[in-house]
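Each of the two complexes below includes chain A, the first together with chain B, the second together with chain C.
Right, the complex of A and B next:
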């Protein structure tokens, strides 16, 4: 298995090289000059030219790419042309927020979506099945922006049960100090602010988790239905196994492969940031950061951000592939 | 273990109850780019800097009238080419070092001198100095020729020509005076989340959590006795206006800025909220480029000005938050308005007659560019463009709407022959009419072109503006800008559509907030009371 992992990790090199080339090329292909955006309505042509010179945009594009890749190989993602801050330090500051939200959203999706899918499959064509499939349909159809705002107005503005945005209340600043950037972890370690941090996670996690939840419900339902019609399930039932054992031990374990695949893909996508959810809940993640980088033509931010997100996505998928062996002993990696 | 948790919870509750009363939470429209003064022009950064730094000159609350700040008085030399500032004594920076003339010299050199050792290299530009004062040390255009420390609390600026508006320009929020010791100590980190910023202002830097919030605390040695009135100021970065409004309603922020005008009714009807209006200091205009055939005829441009029902458009999109009057400058500059300018009456019939006289009785095709982004002067550019387009079609001008992403929009309008007709605007930096007229009408005009594709040069207006920028006689300056107002109106190269009042909002328990027309104000006077 380790040889397989090593091979997959080596395979990352051409993938990341291709991604670096694509993101670099696309950024240069879209019209709009970073110097013009930075100077805004006021910039004179002379100022634009001087800034282009300073940012190295006057150099030939292949040379700019070589500089970018050279820095990348040394772990240097450059500096944001807007804030002059190191992209690496910005990533380190923003990544924990994205990770925490993605994990919370996936928990919402898995803890509700998978049982709902199982219920729909086991009670096929019943009212439960109809309810679950309708719920899944609504889940994938609801615009995230609308859902997020509705949740804010209901639970934060009207009922005042939950905070409307951010990761921490201003009041919590008095007794809680973020250290690692992973606020849940920090609050648990400091034994303070746990409720405050968790309460800030609820609405964004529900908003972001709705679509994966709906997808998981549907995938779990169809995977379970397929497995439940297999001979070995019929055999298990014929042997007099209880329905609970048939479903949980025989059917679910075999139905999990496609479910885990989808979980991996969805999780990888969420780790790339969630622009809409981050915007509604003022969540300082990397999605809206990269989006702003595109609008501002902040090349180092977009290049560094996209390469990092791609790396995470590939690694998550590698983990998913490895988990197959745990779920199905017939799968072996060589 | 359980007891420890309960204790922690109880302490948290107590601490939070006290803190909530003494901490002002400001819903900011974004995250500052940097807190180094003189190096950043975006409004978000300037608003944050305004809380940390003082400028030499400040402005009376809610107006553009200059008042003493770090400078207690200032005067010009008889020839108007020098300005001397007497500085306030006994002021300390947040790091405990003294404020004096050498500190001002240090800051000015950093902004003005490209070779200054304290400059943060690697991308920083300090472009605002060059833009407002003609260039940098060693360049031909630089207005400033020398800056000298006269004594510990007196500094003198020498210019190549009279610069009557220098005190108000140096009072702009860009030019906060930073602690030389802190800038030297932090180097490239100064102004960043890692390095913070050190000024003499009402609040001092405590922490900047990237993407989340800026935490400032009361400056206990602030030179204004009894201020600021809150112990801490937290600026939360909430980019989406709908999210800001929701947080204000939920009570997790106390005050916020840049709310779309359409929300005025919702704020007025909320029993916990108050709308707050910032005095107008902007202009949203429609530029008509004479490099294109029909628009090169002034009668065609005037016909367009007449065909657009500006009053109805302003009423529809801004309600009571906007005004239209034909003047290019907002009402803060009423003194400089020409009494001969009364806006073109909305009259499609007369507009059609003018078009016919110009040789276009059946109208013509017009490419009409609208901005892809929202600005206080045009919060919903597309819809406003469509309203103008509908008016133009009534006189036979067939409008083809165009837009591009913001970067390209800004760039391409300056490439000859430029856009035919396009929307843009301006928010002023300081309280002088030159700040509105010069960037738009002084030669060469970089985004309007003549028939040959050269940058437009309106000689008469340019000569007038050059005199206005250098005259030290206030009465003469008023006459000059009144003439410029009239000429700009008659030329109809940029038709002023609106001077808008940005909408801000606060919770009812917040008082003492007087917004400045200049776009940012210190929150030192703001009081938060329990309801």
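Right, the complex of A and C next:
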């Protein structure tokens, strides 16, 4: 097992090297001189030249790359050319928002998708099955940004049941002291504003969670169908086990492996793909931050954000692979 | 004698078998009808509603709600949303087909080469695949557009790059299993050049899964391109691209007092993606029966 973990970690090195090459290449290829962007229109040619010198933009490209990687390895992501703040501290400040949203979205997806998939499989070809399958099909075909706007229009603008964006209402913000950056946790610790925080989370979480919800429903259904047709399930039924025990105790456990894979993979996609949802709900997370970075030509922000997201994505995929060992002892790691 | 004659005339060719399986698939049939409808809308839009996005404006009829006369209402410049939406289907279908065509061609060729030649080339192509897959696809597409510049063509290129790895993996796995079969060995022994083996012998075997994937990818490509348009990184106004129309409605707040500006373009994105997803499901039942259930 540990040898397998070590080998997988070693295998990450070429991928990480590739990611760094790609990100570096992207940033050098983006049209526009960062020094000119930083100084704005009032910068004199001398100032631009001095700044280029300071940023190391005058050095040969391979040397620039080595400097970039060196800084990356030390966790130095530079400063935002727009706000002049350190990218690393911005990243630390922003990621809890994205993480919290992704967890909430995943909870929506798991809590609805898995039971729905089980129901569809157990009652195959019933009206429930048809409803669940159609719902899953529409879910994967939905444009997330449109769904978000529709939900806001219905629940925030028309019915006014839920807030339309942000993480807190203005009134609550005055008393709120973020400690961890995870507002649900913070509000529980302070015993205030819990309802406010949760109500802000509902619409973005449902929006972001719809696609994984649809995918999970589909995967759970097909995994359950596969397991339910196995001999040992028939044996369990023949023994006279109740249907409930057969489904929950015997079938579900073995159907979970593909479900867990998808949960892991989707979670990675959520962290990175939250850009659209965050933009619609003015959610101050990494997605909307990277997007603003691109609009403002804030290269260090884009660079730091993209590297971070790719890193998390790769690590989550690794964790998914490793979690197989826990769920399925038959898998041998050699 | 007569019985044998009828029997031989009903030989089950692979195509006919696939067609039979396709017609048994409900989702396939619904998808086919929907996709045909969308293609017809796209083809006939200029006939029914000639349209020039740059000049079509009617300031006397701004943000009029849907009515019998203007089915989908009018937008903030008095433009007829229905006309713009049906013309948008021309853009979306084109984008979907071109983007998928690009990634399919490049990805399949690279994948076949990786699986057939093996060695250093396979390692290298595998490395590229891993790197591309290390980024969530929306993020990668945004990064590519940031480099190339925001317009529809570049959005299309960006979306197709994000889809290349899928085809590499598919084609490679086919090439890996087929290259060991006798008919490839026979072709090699006869002195067939590599190009011939790749294109004549390996490619046809890779086509069924690739076609299924391509149909499903048209949906994804439509979705991703619209997303880029929505972020202002794809098609630019006044082009009647659905994502850009949604962006117009959202960014300037028009969707709050004229929700039809937002409802209809998004609904057509959903219809298009759904159509190709259903069609892809049907094609999988037909071409790749083992893959399903």
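Simple rule for what comes next: the second predicted complex is superposed on the first by the 283 of 334 C-alpha atoms of A that agree within 3 Å, B and C clash if a C-alpha of one lies under 4 Å from a C-alpha of the other, contacts with A are read in each partner's own complex, and residues count from 1 in each chain.
One rule holds for everything that comes next: a contact is a pair of C-beta atoms (placed from the backbone, for glycine too) under 8 Å apart; a residue touches a chain by one contact, two chains touch by 3 or more.
Given the structure is predicted, the values throughout are model-derived calculations rather than measurements.
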item	value
Touched partner set for A:31, first chain B, second chain C, both or neither	both
Partner chain in contact with A:83 - chain B first, chain C second, else both or neither	first
When both partners are placed on the shared chain, which of chain B and chain C touches more of chain A	B
Touched partner set for A:116, first chain B, second chain C, both or neither	neither
Partner chain in contact with A:213 - chain B first, chain C second, else both or neither	neither
Which of chain B and chain C A:157 touches, first, second, both or neither	both
Which superposed partner A:149 touches (first chain B, second chain C, both, neither)	both
Touched partner set for A:279, first chain B, second chain C, both or neither	both
Touching both chain B and chain C, residues of chain A	30-31, 149, 153, 157, 279-280, 295
Of chain A, residues touching chain B in the complex	30-34, 36-37, 39-45, 47, 50-51, 54-55, 79, 81-85, 89-90, 93-94, 97, 149, 152-153, 156-157, 160, 163-176, 178, 191-193, 195-196, 279-282, 284-285, 288-289, 295-297
Interfacial residue positions of chain B with respect to chain A in the complex	4-5, 8-9, 11-12, 15-20, 23, 25, 33-34, 41-42, 120, 122-125, 127, 130-131, 188, 192-194, 209-213, 215, 234, 236-240, 242-243, 246-247, 249-252, 404-408, 410-411, 414, 424-426, 439, 446
Contact set on chain C toward chain A in their complex	27, 127-128, 130-131, 134-139, 142-144, 146-147, 149, 219, 223, 226-227, 230-233, 243, 246, 249-250, 255-256, 259, 262-263, 265-267, 269-270, 273-274, 277-278, 281, 293
Chain C partner contacts - residues on chain A that touch it in the complex	14-15, 18-19, 22, 26, 29-31, 137-138, 140-147, 149-150, 153, 157, 222, 225-226, 268-269, 271-273, 275-276, 279-280, 290-291, 294-295, 302, 306, 309-310, 313-314
